[in-house]
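The following blocks contain the structures, represented as structure tokens.
Presented sequentially are two complexes of chain A, the first with chain B as partner and the second with chain C.
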Partner chain A sequence: MNQEGTSQTAEPQSARPHGVSQWALAWRRLKKNKTAIAGLAIVGAFVVMAAFDRLVALYPPRCIVGLSPSCPSPDFVSNGPPTLTHPFGTNIDGYDVYSEIIYGTRAAFLIGLGATGLAILIAVIIGLAAGYFGGWMENLLMRVTEVFLVIPFFLLLLVFLQVALKFSQFSTGGIWIVVLVIGAFSWPGAARIIRGETLKVREFEFIAASRQIGASSWRILFRHLFPNVLHIVIVLLTLQIAASILTEAAVSFLGFGAPGSNTWGQQMYTSANFIADAWWATLFPALFVTVMVMGFNLLGNGLRDALDPRLRE
Partner chain B sequence: MSFDQILSVSGLRTYFYTYAGVVKAVDGIGLQVNKGETVGLVGESGSGKTVTAQSIMRVVPTPGKTVEGEIEFQGKNLLKLTESEMQHIRGKEIAYIPQDPTTTLDPVYSVGDQLAEVIMRHQPVSKKYAITKAIELLRNVGIADPQVRISQYPHELSGGTKQRIAIARALSCEPSLILADEPTTALDVTIQAQILELLTALKDKFNLAMVLITHDMGIVADTCDRVTVLYAGQVCETGTAEQVFGNPKHPYTEALLSSVPNLALRKKHLSVIPGNVPNLIQPPSGCRFHPRCSYARKVCIDKDPELESMGDGRIVHCHRWKELDLKSAVAS
Partner chain C sequence: MYLVPVFFGITLLVFTIERLAGDPVELYGALNPNITEQQRELLRKSLHLDQPIQVQYLSWLSDLLHLNLGSSFSGGSVATLIAQRIWATLELQLLGLTLSLIIAIPIGITSARKRYSALDVTITSTSLIGTSIPIFFLGVAAILIFGYHLHWFPSGGFQSTLPSQYPYGSLLLDQLWHLFLPATIYTFAILAPVVLLVRSSMLEVLRQDYILAAKASGLKDRTVIYKHGLRNALIPIVTYVGLYFGGLLAGAPVTETVFNWPGVGRMFVDYTTQLDFPVIQAIVVIITLMTLIANLITDVTYAYIDPRIRLE
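Showing the complex of A and B:
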């Protein structure tokens, strides 16, 4: 408010005033929401960590401190407590816990974005098709979705991962299998929400109006329907990223993750056996999972408040 | 069939197949529109006005279906065209001005984008040219500051402005026929008058034919050359505005006219037509208006009257039009 008042007096009206789109309005609302900005800051910090992991970390990846040639000093300590040289201590293998967590950030983003991208893509296609075309197609797609919802998701995930990883040729490519399997099983809820929103938007007058100006079905679907359910998709996307990261951590912690991948869940899995001697090696990865998931959830909730038309003034 | 006839609808039947039964929303409606003419389509809510317009555009929502009839537009039978041929007629040859301006614009696009969409859909022009044309259109419909409006979004505009934009969109490809579906119902009275004036002026300027759907007899009297009165999915009578208003031939028209509030008559009570529009799943036998008609006889209950031509283009759908001496409450 204050800003607008001053800018109006200070600046001689710019050449051509512009309209303000719904997206610009949503961004304004988001900026006012402190918790959402906190979420955005957390996510931003993790993005920086992932992008510049070599700079943020203290030691090279997978480096047995004191023994590997790439990191000869300081001395080798297994399950060493946090010190100045090892802020989060070392784990059983002598890795620096802090550095390994930093290197795990990329994997977290890979899982979060990869699995979510796949899940939301499926959800959007199924939700839009079911909501827009209706009839037998809606019936078929929604019954399939319900079948997926009824199946105990987590158990099925464990079975699939175990089978998929057994048959995978490359132990290092295993993380992609985790991404694919999580993505392939976490779309049903989002698909139903998108279908519901599509059903609502479909009845709006402007959809009928675009038919009356001679637009084709596909044009209506992609140019008019999809942009109007996009706000829901964005919120689902953000929340699903958090859920996917959490799922991977849980799966890996139970020992069903991709062996050889360096995710926070894997770090917790290898260190959990020694939790009595070295709690730090398990606690800190768990803390990072928690903070990252919290960041995405805060951002998602903020986005929902900013984008939800019912809350618009 | 005169040569300047642009639209000729005959025997149109559009039914809605609902779970409760088949709703005969439009049951044998005929309509003629000549070049440069405004035809009023009047009737109560549920008389089939909007469905008629939707049938002409072939955009009847499911579960509705046009089962019979002929819609001849510029020598083509629209009901025989494919969906993609029809898409080239919608918006280009026949434009539609919807009822509620507040929801007819897509909230995520600016005004300019939405006008450009129609122009570029039907003409091979660049986006830049389309935007220039859109600014021109906005000026034509009397919008101040078109350069500013063009970049604005629907939520920043008032209802009257949105309706002007809807009109601009309808005019954007220079159609030869405009279907205006109660274009002023959602607006307040002062804006209503402006919009109607604008429509009439634009119609004369571009020599358009227009079908004006309304339930407001005052609007019809002001703007229409000819009138078709609908009741329960059927035509009651058709004629020039003077004929229908000055000398109604169908009891329903007479009842409609006498229920128009009129200060000059200083009536204590408004006259109303008793009863409701009938259930169109099982319409009344014979003449559909007979349960509410004060002139009904046994023949009206037993037999559906013929559509009788009175000559000079007037058509009446009543058994007793010859013997009845109906009075117009608004004549003078």
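Showing the complex of A and C:
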């Protein structure tokens, strides 16, 4: 109790100037957090890499250096060690590892944003509905969520992908299948957190007031409840992007990724068999997965501190 | 006892997912074109595929409850196949989890006690970075350095293939030698989130009045921290570890592939590549069951740690 009292009296001192929004305040807090800014910088660097991949890379995509007409020099080397012309070496096919990693950045964003978008959409719908309506609806939705929480999702993911990608009928979907399946399984943790927050917001007087003046459930849900849980959604979104990228890399590393897609996980899978001779072809893609995941995790943690007023000290 | 409905929910989900995927025998046949029509018929019969779908589910469930896991498409009893590998999995997982707790708890406590000191900032930021390092980066790098380059440890596997390769002719020493690198790396790979959790839950406890009271009554710092503080901080830690264990088990395919470890995880990868559904179903159910058991142990541990919590 004591701490809460002091933190609340300390708050007005930071002189909330007239007309400054909560978001601006959160941004100020975020700016002070060095690790969060480091995360933001990492994510920013990857955005630049993805947007200008042709400029950042040394060779065109999927180019067998020394043999393809689009990249005739330098000479062809398979599993060549890092040199000036190939900063991260070449892989078994003679691709430049550095350039392929750069081209993999877009795929990483596609997976991260796509799978997360789907997962968080499901989580928001289920979390808001369960938290707001309560009763049998909450009971049913939360039992389903519990089942999904306990289930070894990574194992089912592998089964799903093996069926979806290796069985003719769907095998054209490629990376989108991976995005869809990761998204469809990643929502339960977030749904529980959003429901918890909805339960709190639901008790506020402005919700009761809104209901009094005849607002529909739909309006209360999306005009009042959703904006008030948005800060949590943003944090969950950022952390889920990291988790999705990591999951795709793990899945592809095991050989269950979309064949033909150029993700960092696929690059690791192609090279893992030759790791004793050419560690660079496996380890550099793994390093980029790590750094990107780290960027989103640091940013997500920083956002949590900046956006969640109760965690503030 | 929410475990029972959740368990049935999961078997139903697993079953539905697999039947949605299509006729399991057709799928298996598509990947293994050399099995004959006769063999297909036999496989269909063994899975009760000639009967209505609810009968298929119920007979699978009743087999499961009778501890009959059936036989794999490629031959061999599923129960035997799993029994041969489950200990390798549990050995690595439990050892890693235990070691990481033993290391993480003192680090987390130190960090919480010296809050905002240079040490605390170092520990916290290292852990934040550590949570993002996947096992396929850390493990692969460690095997490259200590296995392939320095030759200090074997680069993978559970034991040497030939008895003549055992150090001092002892199988136990050989297995320990193989275990060392995977166990160490795995411990470090799963350490970071536990450190952060111990730190935050210890911070929460240290600001409570009873800690102040204990200090005021002249108890030694050690006693206050470990007896009064840690015991109360353990509750969120135990909750997390219960849930974490399930996640670690589900991650076994990656861990065991990295270390070339002959456990259930790698077995799952192999049989999923073949779409051998009896084995897939059995492993998913067993891992789910172990997760549920871990949750149950968690609940029992609560009551032990915190006498205020009573089991019904």
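In this text, the second predicted complex is superposed on the first by the 284 of 313 C-alpha atoms of A that agree within 3 Å, B and C clash if a C-alpha of one lies under 4 Å from a C-alpha of the other, contacts with A are read in each partner's own complex, and residues count from 1 in each chain.
Going forward, a residue touches a chain if its C-beta (ideal position, glycine included) is under 8 Å from a C-beta of that chain, and two chains touch if they have at least 3 such contacts.
Because the structure is a prediction, the values reported are computed rather than measured.
*Asks:* State whether chain B and chain C clash or fit side by side on chain A once the two structures are superposed.
*Replies:* The answer is fit.
*Asks:* Output check: A:Ala286 vs chain B and chain C. Expected answer is one of first, second, both, neither. What do you get?
*Replies:* Second partner only, chain C.
*Asks:* Is A:Gly19 touching the first partner chain B, the second partner chain C, both, or neither of them?
*Replies:* first
*Asks:* Counting touched residues of chain A, say whether chain B or chain C comes out ahead.
*Replies:* Touching more residues of chain A than the other partner does is C.
*Asks:* With both complexes overlaid on chain A, does A:Ile213 touch chain B (first), chain C (second), both or neither?
*Replies:* first
*Asks:* For A:Val159, using the defined touch cut-off, is the partner it touches chain B, chain C, both, or neither? Pick first, second, both or neither.
*Replies:* The answer is second: A:Val159 touches chain C but not chain B.
*Asks:* Quick check for you: in the superposed arrangement, does A:Pro227 touch first (chain B), second (chain C), both or neither?
*Replies:* A:Pro227 sits against chain B, while chain C stays out of touch.
*Asks:* Which partner chains sit in contact with A:Ala51 here, chain B, chain C, both or neither? Use first/second/both/neither.
*Replies:* It touches nothing on chain B or chain C.
*Asks:* Between chain B and chain C, whom does A:Phe204 touch in the aligned arrangement: first, second, both, or neither?
*Replies:* In the superposition, A:Phe204 contacts chain B only.
*Asks:* Once the two complexes are aligned on their shared chain, state how close chain B comes to chain C by Cα atoms, in whole Å.
*Replies:* The answer is 19 Å, the least C-alpha separation in the overlay.
*Asks:* Which chain A residues are contacted by chain C in one complex and by chain B in the other?
*Replies:* On chain A, no residue contacts both chain B in one structure and chain C in the other.
*Asks:* In the complex, go through chain B and note every residue touching chain A.
*Replies:* These residues of chain B touch chain A: 57, 59, 61-62, 84, 87-92, 95-96, 98-100, 103-111, 117-118, 121-122, 147-148, 151-153, 155-156, 166, 169.
*Asks:* Which residues of chain C touch chain A in their complex?
*Replies:* Chain C residues touching chain A: 2, 5-6, 9-10, 13-14, 17-18, 21-22, 27, 30-31, 125, 128-129, 131-134, 136-137, 140-141, 144, 148, 155, 207, 246, 249-251, 253-254, 257, 268-269, 272-273, 275, 280, 283-284, 287-288, 291-292, 295.
*Asks:* Per the contact definition, I'd like the list of chain A residues that touch chain C in the complex.
*Replies:* 3, 35, 143-144, 146-147, 150-156, 158-160, 162-163, 166-168, 242, 246, 249-250, 253-256, 268, 272, 275-276, 279, 282-283, 286-287, 289-290, 293-294, 297-298, 301
*Asks:* Note which residues of chain A are touching chain B in the complex, please.
*Replies:* 16-23, 134, 204-206, 208-216, 223-224, 227-228, 230
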